[in-house]
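Here come two complexes built around subunit A, the first alongside subunit B, the second alongside subunit C.
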Partner chain A sequence: MIARVAKRGHLGPLVQLGPLTLYMFVFFVVPVGIFLLYSFWTVREWDVVRVWNLANYRQVFWSPVYPKLIVRSLSVGAVTAILSVVVVYPLAYTLAFRLEKYRDLILFLLIVSLFSNYVVRIYAWRSILSSNGLVNYILMGLGLAEGPRSYLMHTPWAVILVLLNVYIPFATLPIFSALLNIESELLDAASDLGAGALRTFWQVTLPLSMPGVVAAGIFIFLLSAGDFVTPELVGGINGMMIGNAVATQFGMVSNWPLGAAMVFSTILVFLLALAALLAARRGARLVRL
Partner chain B sequence: MVGSSRLGDAATARPSGDEVRAPAAPIVRFQGITKHFGNVVALDNVTLEVQAGEFLSLLGPSGCGKTTLLRTCAGLGSPTRGRVYLESQDVTDWPAHRRPVNMVFQRWALFPHKTVAENVAFGLLMKHLPRAKIAEHVGGMLELVKMSGYEDRYPKQLSGGQAQRIALARALVLQPKVLLLDEPLGSLDLKLRKEMQIELINIHRRLGTTFIYVTHDQEEALTMSDRVVVMNKGMIVQDGSPAEIYQRPNSVFAAQFIGEAVLFRGRVVQLSGARCEVEADGQILRCQGRPDLCLGQDVVVCVRPERMRISTTFDASLDNHLEGRITNTIFKGPAVHYQVQVRGGPIVTVHQNLEQDVPLHLSGSAVHLGWSGANCMPLSG
Partner chain C sequence: MAGGQGLSRAARAFEAVTFPPLRLRELPLLQIYSALALLFLFLPVLMLVVLSFNSAVTGIFPLRGFTLKWYDQALHSRIIWPALENSVIVAISTAVVSAFLGTPAAFVLTRRSFRFKNLVRGLLLLPMSLPTLLIGISLLSFFALLSVTRSLMTVTIGHVVYCVPYMLLVVSARLAEFDFAIEEAARDLGATPFQAFRLITFPLIRPTIIGGMLLIFAQSFDMFVITFFNIGAQSTLPMVIWSMVRLGINPTLNALGAMVMGFSILVLVAAHRVGGVKLAG
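Moving on to the complex of A and B:
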């Protein structure tokens, strides 16, 4: 095949895609494949026993804890994705359509926020949300609470809040870019044809920005669902996510097969949820017809 | 500014019944419109009236303000100063979506995420018409623009000419009082453009809607319009029927922008009622008189090339003569252009229509150019 391609002189695509494909294969496909294999093996006395079995998967799905963690992780991912997109959309919209003068400055500020250490920022949130932190200080000072509220921390919502804050730049940029790409003539046309500001937004701007919104959502979901640093620092027991369990297996406990099984279990549950969602959409569409 | 007949043959002549009407209120009136974009003056105190039912072209080079004026009528950009009236109502502060006018955009601006039918139906949807009625109107309009059957296509599946028709349908389906067209045929190839020009004229005649058409193509403006408004640098240069604009340009800019012009710089040396004489390049040219000329005034004399007769012999019946030598013969098909180096003067391009088999003059031959004084106009720059 390579010979045939070379003869036609179409070496271009092969040369252009080759290195990246090779890189992805060596540094992504192969390691993931290896971990998949690991998930079917077990460990005895710190040695990996390469005997094919489903013991790990049984352990994950039959356990009282791990399924909960999986569902929580996927939910936190989904909620963070949806909330981040909703919260960030007005910012992206204002940047794209109103603030031409300050646009570069604000983009710079957004990107600069990415340079700061991720862990340090989470610690900052700890000091805001904890029992003797800023929020409680204000609440007690205003007389809205008699004692410190401890439920701000160590919940899934604390995790979601922190993740939202950290991932604002990631969410803003795809939506902003999609909005910028909308030709102003289209908005003029909508206006000319009788659509006021609200209807122009609903009929033209929002649909055309959807690719950016979806891209941002997927991005944030992936980043959030697998996170384990944030839950570790602000999640507590109730905010623990599957990432923490996986990190423990690969770290302290040194049970790589079980850790790998957890990862692939999560992926499996995610794929099933996705399939169910798509089937439901297709069913709904058929009913509407 | 009552409607006058267009240049042209019987095929495009309008049916009788549009002779002098009692002057009615103009359907659009621009009053002292000035528009600044930062330091740039796009429109400078423009006042213009548009009569109901006419096909008016705003003609001028890029940056002359014609599109800005059009958008001021549409409501897409409010003027820095001045007022806009639609049917005697002051709509200057009305937003675009409230005005009973619609626009056909230069690059069509079709909604890419909606089908052809949804695009055309958009304005009707905004008016909350029932679905059945919308379908009816959309169907009728697609038929008018000869695009029936394309309802479920998406804009990216359409060719340029097809997209143009859909943009037109989308605007017309709302039955606007005025249709605004912003160089809609600019991105079409020549043949398609000619076809669309004729279609636009037909649709205009059929619907009777007022059309305001922006273009930088003078031939297009002359072909299609009842009235042409020539603009330059944010101001109106001349306003009249295509024939008037072409045969009686009021300035060098108008003369050069529309059609071709042979120009001579000179000075008025004699005035006598309907005629005047101008001395240019050592020669006396006999021209049309103008009431506001004075002796000694600097003028630019303008002649249309097709009004010049080229011949190897001297024709005494013509008022003005020049001698020269042909430097170039350009065969154009139905006509031939001769580039003539005038003795002691500029190179002028002269046209000759080839209605019969006439022997073409050869390059290098000495020729006489002649034209009558009635075809010669003094312009003040």
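Moving on to the complex of A and C:
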């Protein structure tokens, strides 16, 4: 009897967790692995041939265009991530510590925005930014612009603005969660010990919410740097990113191995930049000591 | 008579109010900021709704007059109905598969501890923080290598990869506040583990599961990138919208977009009402 219960206790979790883990392994981990293999293969007469080589990577890094697109994508991702957490922090703070009455409503609005059609929302930005769009219309009404001009669209900044808008809920929720998890006793203790509101914020609230801020930042960075719909719709040539080039290789041009090499080159450059950054920080710390 | 009384009462109340001097420190700056941030968040949606009723054929400013013509045109377009049907098929399949895979997994992840638990949890939640482009083209290469023909089935497989993490989050959030003592009480009264689950635990978390499925329905219904790379000859609504979007601003598209948004909001309201779905907090 005891043996049977113990056995069930052991098998149960496997039966419950096994199918999903297996599913994710087969349809997520394995495909990403195969995609990596593709980057070392080649294309002959529109067909992928399994000949191992590094020609795709050479083509990516030696091209006049792709390195520029990679750098731009990573920069757009970084700028969007930093702007997002800065812009969203006061909102998450208000949501966690003020406005208790409206908290559920605002969280619901964020979820609505998170799950409502992303292509449509990006499309709608065109009617704000384009030459006949809302911004120009208002400027013309105020006599600040002479006629329909298109200087807002087709820049990396337009891409950043739209990405910032699209990912607001993604940035807000982790920071909000982190703020909500701060124990109110800690904040009370800070004020009991004589810290003012600002000092409490700088020395207690902000550091304790940093895990949420970092999570949100990483989230936004990855999603923005890898986006291709936004640059396609509002970026134009000057705002084009590596995702567009990749999508083209999987569409019209149909050179999948080259597209795969672009993706993994971007990841490689990112990891190298990250390592350099960490090394520099460590170096700076050593010098100071 | 009654109105006059009301007015004089209001006037007296008004006199009774003393206006304190306005001080910057007392202004609800955070609240004002939050309101502006939400306005920014919903600006494109509001824009779309306004323009969908604008009679100008350009589909953009200036506002000329009110019309329902674009809604009529969008509803009479032949391509959207089969695409809508496909979208609904994929969204329902994705929601059902995600619920069956995600719910039991959420139980194990919240109630048990085992080796490599964090690794497994990380793997299962990872797709939500990766660009859908990577998930979409990886699956495409995988299916191509195995010579699997692309269809609504391959699309659904991809949607589940991206959507399951949300099911895990929603169910885990519910289980975190679930009082498992009542399940133990059922066991003490002689219920088998299965009976205890079926008669006690499941009925209590059913609203959450249904809410989570509605959430995933909405998500799958709107999913574009993964669909774009894994669909065969058929089409879904986001694919139709994409093909129109690339041609530029178009009043029929404004109306179609507004309707799709409205539909998503209805589904999400239902998810909220039924399950009180939470992702944070």
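Note that in this section the second predicted complex is superposed on the first by the 261 of 289 C-alpha atoms of A that agree within 3 Å, B and C clash if a C-alpha of one lies under 4 Å from a C-alpha of the other, contacts with A are read in each partner's own complex, and residues count from 1 in each chain.
One rule holds in what follows: a residue touches a chain if its C-beta (ideal position, glycine included) is under 8 Å from a C-beta of that chain, and two chains touch if they have at least 3 such contacts.
Note that the structure is predicted; figures quoted are calculated from it, not measured.
Have a look at where A:282 lands relative to subunit B and subunit C in the superposition and call it first, second, both or neither.
A:282 sits against neither subunit B nor subunit C.
After lining up the shared chain so the two structures overlap, which partner does A:176 touch, if you call subunit B first and subunit C second: first, second, both or neither?
After superposing on A, A:176 lies in contact with subunit C but is clear of subunit B.
Can A:204 be said to touch subunit B (first), subunit C (second), both, or neither?
first
Is A:126 contacted by the first partner subunit B, the second partner subunit C, both or neither?
After superposition on chain A, A:126 lies in contact with subunit C alone.
Which chain, subunit B or subunit C, ends up touching more residues of subunit A in the combined arrangement?
Counting contacted residues of subunit A, the larger count belongs to C.
What is the contact status of A:58 with respect to subunit B (first) and subunit C (second): first, second, both, or neither?
neither
So which positions on subunit A get touched by both subunit B and subunit C?
No residue of subunit A touches both subunit B and subunit C.
Report the residues of subunit A in contact with subunit C in the complex, numbered from low to high.
My answer: residues 8, 12-13, 15-17, 19-21, 23-25, 27-32, 34-35, 38, 48, 87-88, 90-91, 93-95, 98-99, 103, 106-128, 130, 132-134, 137, 165, 168-169, 173-174, 176-177, 180, 218-219, 222-223, 225-229, 232-233, 243, 246-247, 250, 256, 259-260, 263.
Going by the contact rule at the top, pick out the subunit C residues touching subunit A in the complex.
Residues 28, 30-31, 33-34, 37-38, 40-45, 47-48, 51, 58-62, 100-102, 104-105, 107-109, 112, 114, 120, 123-124, 126-127, 129-135, 137-142, 144-145, 157-158, 160-161, 164, 193, 215, 218-219, 222, 224-225, 229, 238, 241-242, 245-246, 248-249, 253-254, 257, 260-261, 264-265, 268, 272, 277-281 of subunit C touch subunit A in their complex.
Which stretch or stretches of subunit B touch subunit A in the complex?
74-76, 95-97, 101-103, 105-107, 109-113, 122-123, 126-127, 170-171, 174
Can you tell me which positions in subunit A touch subunit B when the two form their complex?
Result: residues 183, 185-186, 188-196, 199, 203-204, 207-208 of subunit A touch subunit B.
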